[in-house]
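In the two assemblies presented below, chain A is common to both, partnered first by chain B and then by chain C.
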Partner chain A sequence: MPRQPVLEVRDLEVTFASERGVARVVDGVSFDLAPGRTLGLVGESGCGKSLTALALLGLVPPPGQIAGGTVRLDGRDLLALTEAERDAVRGRRIAMIFQEPMTALNPVFTVGDQIAEVLRVHGGVPRRQALETAVAMMGRVGIADPQARADAFPHQLSGGMRQRVMIAMAMICRPDVLIADEPTTALDVTVQAQILDLMLGMQAEFGTAILFISHDLGVVSEVADDVMVMYAGRIVEHSPATSLFSAPLHPYTLGLLQALPRVDRHLGRPPAMRGGMPDPCALPRGCRYSDRCPMAENMCRTREPSLNGAGAGRWVACLKVAP
Partner chain B sequence: MARFLLHRLWQSLLVLAVMSFVIYGLMGLMPGDPIDLMISSNPNVTSEDAARLRSLYGLDKPIVERYGNWLQAALSGDLGYSRAYARPVPEVLAPALVNTLWLLGSTLVLSILIALPVGILAAARPYSRLDYTVNLLAFAGISVPVFWLGLLLIMVFAVMLGVLPAGGTGAIGDAGWWERLRYLILPVATLTLASVGGHTRYVRSAMIEVLRQDYIRMARAKGVGRNRVLFRHALRNALIPVVTVLALDFGFLFSGALVTETIFAYPGMGKMIFDAIMGNDFNLALVALLFATLLTLAGNLLADLAYAWLDPRISYR
Partner chain C sequence: MTAPLPGRSPLALAMARFRRHRLAAASLALLVLLALFAAAAPMIAWVLGVDGETVDLMGRFAGPSAAHPLGTDELGRDVLVRLLYGGRVSLLVGITAALASAVIGTFIGLLAGYFGGRLDALLMRLTDGIIALPLLPLLIVLAALDLGKLGLPEWLEASEQISLYRIVAIVAVVGWTTVARLVRGAALGLRERDFVQAAIAQGAGPMRIMGIHILPNLASPIIVATTLSAGNVILLESVLSFLGLGIQPPMPSWGNLLTNAQELIWSAPALAFYPGILIFLTVIALNFLGDGLQDALDPKATAR
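Let's look at the complex of A and B:
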C-alpha cells in the first residue's frame, strides 16, 4: 500500500541554450517520492540525472534553466516560489548530498560551523546552541570524538569522514526528502557500505524519502525500493527494484545490466554497450535509444515512445515492449 | 607560527642586507663621485687636491671596504648627509615618507573599497550588462596612461573649475586637515583610477573561479541565501589570491608613483628617489631605495600572514 507521496514531480524540463540550439537535457520527467521509500535514478554520465536533482531544488546552473513542469512538496509547487521562499525549503525540507565530499565542503570553515550553519539559516538558532546540536549530530552519523572533530577543517578529515559530515549537514533538520547525488561514488568500497548503512538507518528513523542517484546499478540494487532508468533526458523505465533487476523491460535497462560484471556467472569481461549518449542538440528521430538499440525497427526511428504502463507497477517507454 | 615569523624576519633581513650591497654597488658604478662634483663647482681644485680629498674621504678604497664602512656607520645610526639638502638623510626622508604613505595608503584603501563590491557584483552575474560595463571601465582605467589622466584632472579641476589645487601639499605651517586633504584629492584620484581597474578584475576573476566550486552549490542546497553565499562562503576563498596581488602592489606603488608625484609636484618618495639619483645625492638615494625594498618585503610578509589567517590549509611551521 503506497503512502501519500511527499514530493510529486510532473513533466520537469530543463533546457540549455547554446549556439547550436536549445538542448532539452531533462525532458518531461515525472515521479513521486513517498516517505520512508528510496527511489533510485540510474543512467550513464550526461543523461540528465544530476540536473534533475538540481532542478528539484531550483539550482540549475546558468545558462541552463527550468523550462517547465512542477515540483510539489506537500502540494505546494516549489518552482513557483520566490528565491527566498525556496531558500527556506532547501536544507530544511529537502536536503542534498553531493558526490565529492572533498570539494563540497568549504575549505576555510570548520566542519562544525558548516553543519551548524544549516540550523542558523533556518530557524535562526543561536551560534553556540547550533554548534552543540551539530556536535550531537556528528556523533549520530558515527564520527568518533565529535567535540574535537567539529573544530577540524575539511582537509583534516578522510573521505568517508567528510561524507559523514555531509550526511550530518543534510539530516540535521530532519528533511522530508533527501537527494543523494552519487553519494558513495568517490569512496572506497568498504566505506561505501558504511555510508549506505548510515543513510538507510537515518531514513528508517526519520521517515525520509530518498532520491538516490547513481550510475552504479550494484549500489542502487542494494538501497532502492523503486528504480527509474534515465536516457538522454527521459525516463525510459520505472519499475520496482526487484522486478527491474530480475526482468528488465526496456532494452536499455537490459544493456546496462548486461554490462555489469558478475561473480556468480561467466568469468571474463562483460560486453560493453555500443555507442554513447546522443548529442542533446542532435537527438535521433523517433526513440532516442534507437541508434544503439539492438532491437530497433523502422517504427522506432519515426515515432517517439511515451512512458506507458506495463502492469505490476511498471512503466516503460518502448514501442516494442509497451506500444 | 612564531617560528615561521622569526624565520621570515631573518629571511627579510638577509634580503635587505644583500639589497643594500647591490644598491651601494650600483651607486658606486654611477658616473661621478662627490669629489667630481666639487671640482666642477670649483675650477681652482687641482688634480693633486682631488686625489688628496679622495683618500681623505676614503673614496680611493675598494667598494667592498667602502660598503663596510658605510654599513658600520649606518648600523650605528649614522645614515649620512644629503648633499642636495645639506641636512641629515633621516630629516630629509621623513616628510617624504609621510607624504607617500598618505598618498599610497589612501589610494590602496580607496581602491580596495571600490574594487571589492564592484568585483563581487560583477562576478555574481557574469556576462550581464553590469559585468560588461564594469569590465569596460576596468580596462579603460588600466589602459589610460597616468601622466595623461593626471594632466586631464589638473585641466578640469584646477584650471577650468578652479576648485582644487594643481599640485603641492599645501601651505607651510598647520593649515588644517581639509587644506591638506584638498591637495591629496587629485593625486589620489589619479592613482586610484589607474589601479582600481586591475584590482576589480582580480576580485572578479577570483570570485568567478570560487563561485564555480561545489561547496558554493552545497551552501545553496543547505538553504543559505544568495548574499550570504557571496559574502561569506565565496569571498573568504576569493580573498586568498586577491591578497597576493594587493601585497605585491603595495611595494610597487611605493616606488612606482613617480609619474604621479612629478605631475602634481607632490614631494613623496618616488620623486625624491628620482631627484636624488639625478642629482648624485648618494646617501639619500641609497637610504630611500633601501626603504622601498623594506616596504616591499613588509608587504610580502603581511601577505604571508594574511594567507595563514584566511586559509586554514596553510600552516606555517
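Let's look at the complex of A and C:
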C-alpha cells in the first residue's frame, strides 16, 4: 500500500563549473520517500550519490551548485527556502549520518554535549534538560552505561560506539527523513550488522523515511525496500529491492551484481566490469553507459534513454529494455 | 557495569604533558610568584613601613637595610616597593594588552576564515596594511596624541592612569594581526572538517558554528600566541617608556624605572639592574611558558 511520500525530489540537478566546462554531476534525479520506508541509492564512487544527499540539505560544497529541481518536504520546496529557514529544517526534519564517525564528531566536546547541542539548536532546550534527553537517547541507541559515556570524548570511544552516537544525534529530534551516507563503510562487519539493526529499529519506532546511500550492494539488499542505481549522475534503474536483486533490468545493475563475490556457487574470480566512470565533463554521446555496456548497439550511442516504466513498479533507463 | 573509559580528556592529557616540560613549569611558577608579589605590593610596603612615594632626601642611594631591602633611589624612595608597584603596571599592561589583541584578532580571524570570499579578502588586506605600518613611529605619534581633541571626557584625560589605558589601547590596535592570521588559517582548515559539515547538517547557524564548534578547537593556538605576545608587549612598554612615551612617572613601571636609572648608571648601577633583570626574567619566562604550552596543547606540532 503506497503511503503519501514525505519527501518528493524532482529533476534535481547539481553542476560543477570548472575550467573544462560545466559538469552536470547530478542530472535529473527524481524519487519519492515514504514514511517508514528505506530507499537504497547505489553506484560506484564518483557517480553523484553523495552529492545527491548533500543537495537535499542544500549543502553542496562550492564551486558546485544546485542548478535546478525541487525537493519538497511535506509539499514545501526546501531549495526555495532562505538559509535561516533551511537551518530550522536541517537536523530537525531531515537528519544526516556521515560515513566517518571519527571526523564527524567534534574532538573537543564530550559526546553527551554534542548530542544535546542538536536539541539546543532546535528547541532552545535548557542545557541540563538537553543533556538528560541526550543520555536517554544514548541508552536507546544501545550504548551501555550512557551516563558515564556521555562524559567521554570521541577519541575515547570505539568506531561502532561513535556511529551509535551519530545515530543518537541524528534521531534525537525524531526527523521525518534520515539520510545515511555510507553509514557502515568505516566499520567492521560484525559492528556493521549491529548498526544496521539499530537503524532499522529506530525507523520502526519513529516511522522515519531513510535514504540509504552505499556502494555495497550486500548491505543495501539487507536494509532497502526499494533501490535506485545511479550511473554518471543519472538514475539508471529504480526497482523494489527483491526484484532488482533477483532480476536486474539495466545492464549496469546486472554488471554490478555479477561483480559481487558469491559463497553459494564456485565461479572463480568474479568478473570485473571493464572500463571506468566516464569523465563528467566529456560524457559519451547517447547512453552514458554505452561505452562499457556489453549489450550496446548503434542506437545506444546516439539516443539518450529516459527513465521509463517497466511494469511492477520498476523503472529503467535503457533503450533495449524499455524503449 | 561501569567500565573505565580508556584514555583521558584532552585537558588532562595536556596538563600531564605540560608537567613534563620542566622549564615551562618553572617559568609558570616564577611568573605566578612575580604576580603574587606585585599584587601584594601594598601589603609588603605596609609590613616594611615604607611607601613608594615618600621622598626622603636625607636617605638617597642608601644600601640594602632592614627597612629598605634593596636600598633607596635618587629621591630616597624604597626601591623594592617601587619595583613591585612597577611590576603591577608592567604585568597588567602586558596581560591586558595581549588579551585585548587576542580578542580582536580572534574575532577578525574567525570572520575572515569562516566566511571567506570577499570578507576574507577585505579583512586580510586590512591586516596586511597594519602589518606594513612602521610600528615605532606610529606608536610615537599615537602616544603623543592629544586625547582631549579626540573627544575623551576630561576626567579620563586627567586621570593618573591615562598613560596606562593609552598604551593598552595602542598595543591592542596594532597587535591583533598575529592572532588574526593564525586564527584565520586554522578556521579555514576547520571549516572543511566533517564535524563542521555535520553541525551545518544539524541546523546550526554560522554564529553557533563559529562560537561553539570552531572557536574551542582554536583555543590552543590562541593561548600560545597570547602568552608569547604578552612578553612582547612588556618589552614594547619598556621601549615606549624608555622613550618617555609610555607610562608616565610618578607611576612606576619597569620600563620607566629603567629610564630613570640611565643617568645614574655609573653612580648607582643597581637601580638599572633590578628593573632590567625583572623585565628579562618575565619575558624569557613567558617565552618558555609559550613553548611549553605549545607542546602540551598541540602534541602533533613538530618539536622545534
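In this section, the second predicted complex is superposed on the first by the 322 of 323 C-alpha atoms of A that agree within 3 Å, B and C clash if a C-alpha of one lies under 4 Å from a C-alpha of the other, contacts with A are read in each partner's own complex, and residues count from 1 in each chain.
The rule is simple: a contact is a pair of C-beta atoms (placed from the backbone, for glycine too) under 8 Å apart; a residue touches a chain by one contact, two chains touch by 3 or more.
Bear in mind that the values here come from a model prediction, so they are computed numbers and not experimental data.
> Evaluate whether chain B and chain C can sit on chain A together after superposition, giving fit or clash.
clash
> Is A:A144 touching anything from chain B or chain C once the two structures are fitted on A? First, second, both or neither.
second
> Please work out whether A:H155 is in contact with chain B alone, chain C alone, both, or neither, and reply first, second, both or neither.
After superposing on A, A:H155 lies in contact with both chain B and chain C.
> Touching A:V118, do we find chain B (first), chain C (second), both, or neither?
In the superposition, A:V118 touches chain B and chain C alike.
> State whether A:V89 touches chain B only (first), chain C only (second), both chains, or neither.
both
> Superposition on A: which chain B stretch among 6-14, 24-32, 60-68 or 276-284 collides with chain C?
Among 6-14, 24-32, 60-68 or 276-284, only one stretch of chain B overlaps chain C, namely 6-14.
> Indicate the residue numbers of chain A shared between its chain B interface and its chain C interface, in ascending order.
57, 59, 84, 87-92, 95-96, 98, 100, 103-109, 117-118, 121-122, 153, 155, 166, 169
> Looking at the complex, which residues from chain C come into contact with chain A?
Going through chain C, the ones touching chain A are 1-3, 5-7, 9-10, 193-195, 197-205, 208, 212-213, 216-217, 219.
> For the complex, give me every residue of chain A touching chain C.
57, 59, 84, 87-92, 95-96, 98, 100, 103-109, 117-118, 121-122, 144-145, 148-149, 151-153, 155-156, 166, 169
> Name, in rising order, each residue of chain B that touches chain A in their complex.
213-215, 217-226, 228, 233, 236-237, 310-313
> Given the complex with chain B, which residues does chain A contribute to the contact?
54, 57, 59, 61, 83-84, 87-92, 95-96, 98, 100, 103-110, 117-118, 121-122, 153, 155, 166, 169
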